[in-house]
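Just so it is clear, A, B, C and D label the chains in written order, and each chain counts residues from 1 on its own.
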Amino acid sequence: MRAMTEGLLVLAVLAPFVGLLVGLVLGGGRAQRLALLTLPVGLVIAAGIAATLVRSGETLVYLLGGWAPPLGIALRADGLSAVMLLAVAVVICAIGVYARADFWNEAGAPEARAPFAFWLLLLAVWGSLNLVFVSGDLFTLYVALELLTFSAVPLVCLDGRGETLRAALRYLLFALAGSLLYLLGAVLLYGGYGTLDISLLAGRIRPEPIAWAAAALMTVGLLAKTALFPLHIWLPPAHAGAPAAASAVLSALVVKGSWFLVVRLWFDVMPGVVTMPSAQMLAGLGAAAIVVGSVVALRQERLKLLVAYSTIAQIGYLFLMFPLAFDAAGRLVHGAVLTGGLLQAVSHATAKAGMFMAAGLVYAALGHDRIADLAGVARAMPVTVLAFAISGLALMGVVPSGAYLAKKIMLDAASGTGQWWWTMVLQGGAVFTAGYVVLVLVNVLRRPSGPVQLVKRVSRLSELAALGLALCSLSLAFAALGPVPGKVVSDPLAPGELGTTLLVFLGGALLALGLARRATAGIGAAFGVGVAFEQADAFLRRWPSASIALLTLAALFGWLMLAGAPA
Amino acid sequence: MNVPTLFGLCAAALVGIGLYGLIVDPHPLRKILAFNVVGSGVFVLFGAIARRGAAAGMGGDPVPQALLITGIVVAFSATALAVALLKRLSDEAGSVTLSSDAPARAKSDAGHD
Amino acid sequence: MSLAVDLFSVIAVAAGAFFFLAGTAGLLRFPDAFTRLHALTKADNLGLGLVVLGLLPQVGGVVAGLKLVCIWLLVQLSGATASQLIARGLRRRGAPP
Amino acid sequence: MIVALNVGLVALILGLAVWAIVAREPFAAVVGFIAYGLLLTLVWVQLHGIDVALTEAAIGGGLTGALLIGAATRLRGTEAEARAERPGPATRWLAAAVSVAVTLALAACVLVLPVPAPTLAPEVAAHMAATEVGNPITSVLLAFRAMDTLLEAIVLLFALIGVWSLTPDRFWGGRPGLRQGYDANGILAYAARLLPPIGIVAGIYIFWVGADRPGGKFQGATILAAMWLLVMMAGLADAPPIRRTWLRALLVAGPLAFIAVGLVGAVRAGAFLAYPPGLAKPLILAIEFALMPTLTLILGLMLVGTPQRGDTP
């Protein structure tokens, strides 16, 4: 019986892959129906893994071929994996429902390229992500990362325009550079310790040059794939240019794969090797991502680019937990902070998918997504705008959202460990998020000068899928309250809490007013700041700057680990 | 100096040479080439590590050697995908530049229509 | 006996290496593509042939020896094909024969 | 003597690597890279990795080289534009500095690698009997770490789907690559008639000995793919339209058979990808046999590239 439940780990990886293989043969309309059929199966498998884990309370382990590591490969699922498996399954299902309207091969019609490729790639992304979450071997993880990249890149250029092909090529080349650095680190670890199994390595690894070099190389390699500032060279054009359903996959899910691996490495492989200063730098990059991503988001003329830049800011958030998760002895530990970080990842995955879907619907309905010309959209497509607004609220961390709870946990940890600067970043980040959400909402709520011309009626089902994900994210706090210690949230509706929310809105409105491209107030200094950020961003997104930054960061991480090591 | 160390150092140099090309050469095809040079450097390093692990009558540790075969195949797949993308980009856009000005130009075009 | 065989091997392989060297020199020194091709194919086929000839007495059995000869034949075939294709490509592009 | 040869080999390899990076013409750089790939094969022999050497020669040098040569020829017209974007001296110096830093850090790591080196060779030797094959690499690839090999086949398939997904809409389902002219008396047609029988025998031989000696499905499949490409280049056969069901069925047959054998193991031997005692070798051979046509087709089709015409020949 036990082997049965643990076999779910294999099925979680195989189900999407088998769906893809069979779908490739069936072709056209039958492939997409098979893909749609695979979605609930995968969801059930993920739920099954989560349920087993909750019941037994210990990590699920499956030895492939019956061979134990170091010789064989083990699949493992702990709480982290189970949560991510489930979250990804939910988001993929919603995206599947959403994409039916955009990517549908009519029965009997000859097989069309884009729908066929989309459904296969959706399954490919899913299987690869599941593999990332359950694999316990660093080399298998390398293959999983490559699988993920190879399935994500074609999603970027599904429409085949030159602009998106260029974005896809940039993405592929930069991601490949990242995977090579990751592989280099894994090779060094094998040379030093003779195994690639995560739990065996955790027992053997010591703070010494090989481990530092490996940690630094693998970390920056993964950061390049996650597009953490200043390595976000590829993200804006790729995420903004892709079709909406694909953008949702890329922005909500794909970047989480490499982020998850950073978490695995730091928390589970080498918690004794990474040091507090290196964690401070990692979170520092996150803080920079929040500021730059948000400000540049405010400067965008197009909605999808705004959402793409907001992804850069939100990725920054995911790295704030690292310095807060150290215990008194200076080691990274699993605990409330990691739960908070995970919660943030899940709420971002759901909210960002919802947001991209909503943006895509707006684009489809209007035939453009110029923010300045969105007046009247709220009246024309209320459900879509509601989905966008709720996603925005969830990202800001308004009361029942997962991001709210995550923020609470981290604020608690920041004050508990005396790291006041992260308190500032956490609070300020919400203001920045409020900035671009308010900017968009103000524009869609404006009264139009004439009647709004809709070039296409959007599917109600798609609107509901976006709304569903947004609501998921907004109500995540309820789902997560179980495993979180109760004292963190005393009374979410206390005047103090509501006051903070209000302040966040107000700050956001001010930011939007000052920094937005069409700043009517024309506050010279603030406008200048916005332009400066935009130019800095453009400079950092040039290939030479980004790749030099990649290697410099590797050197910095290595040095910080070396310098901070206990003598 | 023994053979694995010699080739290990050679691998370190190959990685550096490839990375330099990956950074400075603007042509995507040359970047793909440089990616392959870095990749082969990583592989040679792994090969040297495998050779160091010679034991039990085997000339090298068979686990890394097996992983290397997988690694070479994965690198080939990456190259094939990148080359296909590059050719298609050249057909579609008539230019293969990766510079970030290109999307910016397209953005302002979208603003005018 | 074995000394004589070894001596034969050394001489044949050394002669083969000399032809390779000559072929490479021709590749670098000859004035145009056609004469370079000429130098390469002639010298390489002969060079490889001598190397194979020299190695034949050193391999363990008839099968291994046959494999060596097969390699030589295959290299000749591919060399001839490639050089003819290159030459034809050059002529099509208007290089003087 | 051997040391001097090795040092010379390293010098040549480094020289060719530099050439592949700095050569002015992309075509010349690619030619340098192919020579570099062939020399790497010697490195693998020196490092006692004959299986790796075969893979490197077949895939690293051969197929990658062919792919890049094709691209370099096709993209001749784009060089001037790229040259204009060459970064200034400051950027180049900075790039050199960080690259050298990485090299130095790696070199330091190489010098401090632990002695005695950690190794799994004794473990492999101890458990190889259970896998019933004589080549340790094969027992790693198809027993201990069979999952990686399954995933590797899936990686190739993903990349092929990626390449196909770039097809212009009007050519979807059509034939990949460009139509090749056919010259019945040409030397290429002659070679394409003479070589394939030899190549097919050699490919199958390399695949067959792989269970017990260096060789295996990848190296064999590459040779078969090369033969197929030769026949296509000579115009003797055309690439199949990608909408053909038989083609797609062959493309997934290998991985699906692999998964099926894995599931048999889950039922009969207690774990996915485990082999029931006594059946290990036949099952391993069955997997390799099923993967051969799949790998041959994928490797060949990846080289031919994205469909660029309809499915009329």
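Keep in mind that, in the parts below, contacts are C-beta pairs under 8 Å (C-beta built on N, C-alpha and C of every residue); 3 or more make two chains touch, one makes a residue touch a chain.
Please read these numbers as outputs of a predicted model, since none were measured by experiment.
Setting chain D aside while the other chains stay in place, the touching chains form these groups: A, B | C. The interface with the greater count of contacting C-beta pairs, when A-D is set against A-B, is A-D.
Chain centres here are means of the Cα atoms, and by that rule the chain farthest away from chain B is C. Rounded to whole angstrom units, the spacing between the C-alpha centres of chain A and chain C is 58. In whole angstrom, the spacing between the mean C-alpha positions of chain A and chain D is 32. Computed from the mean C-alpha positions, the centre of chain A lies at a distance of 26 Å from the centre of chain B.
With centres taken as mean Cα positions, chain D sits 14 Å from chain B.
In chain A, the residues that touch at least two other chains are 71, 139, 143, 146, 150, 153, 157, 160, 165, 184, 188, 190-191, 194, 544, 547-548, 551. Multi-chain contact residues, meaning those touching two or more other chains, occur in chain B at positions 15, 19, 23-24, 26, 32, 45, 49, 52-53, 63, 67, 70, 74, 77-78, 81, 85-86, 88, 97, 99. For chain D, the set of residues touching two or more other chains reads 87, 91, 95, 98-99, 102, 106, 109, 113, 117-120, 124, 144-145, 148, 152, 155, 158-159, 162, 166.
Across the complex, chain D meets chain B through its residues 3, 6-7, 10, 13-14, 17-18, 20-22, 26, 29-30, 33, 36-37, 40, 43-44, 46-49, 51-52, 55-56, 59-60, 63-64, 67-68, 70-72, 74-75, 78-79, 81-83, 85-87, 91-92, 95-96, 98-100, 102-104, 106-107, 109-111, 113, 117-122, 124-125, 136-137, 139-141, 144-145, 148-149, 152, 155-156, 158-160, 162-163, 166, 216, 218, 302-303, 305-306.
Residues of chain A touching chain D in their complex: 3, 7, 10, 14, 17-18, 21-22, 24-25, 27, 62-67, 70-73, 110-114, 117, 120-121, 124, 131, 139-140, 143-144, 146-147, 150-151, 153-154, 157-158, 160, 165, 184, 188, 190-195, 208-210, 213, 544, 547-548, 551-552, 554-555, 558. Contacts from chain B toward chain A in the complex involve residues 15, 19, 22-24, 26, 28, 31-32, 35, 38-39, 42, 45-46, 49, 52-53, 63-64, 67, 70-71, 74, 77-78, 81-82, 85-86, 88-89, 92-94, 97-100, 102-104, 106-107, 110-111, 113. Considering their complex, residues 1, 3-21, 23-27, 29-30, 32-34, 36-37, 40, 43-45, 47-63, 65-70, 72-81, 83-88, 90, 95-97, 99 of chain B touch chain D. Every residue of chain D that touches chain C in the complex is listed here, in rising order: 187-188, 190-191, 194-195, 198.
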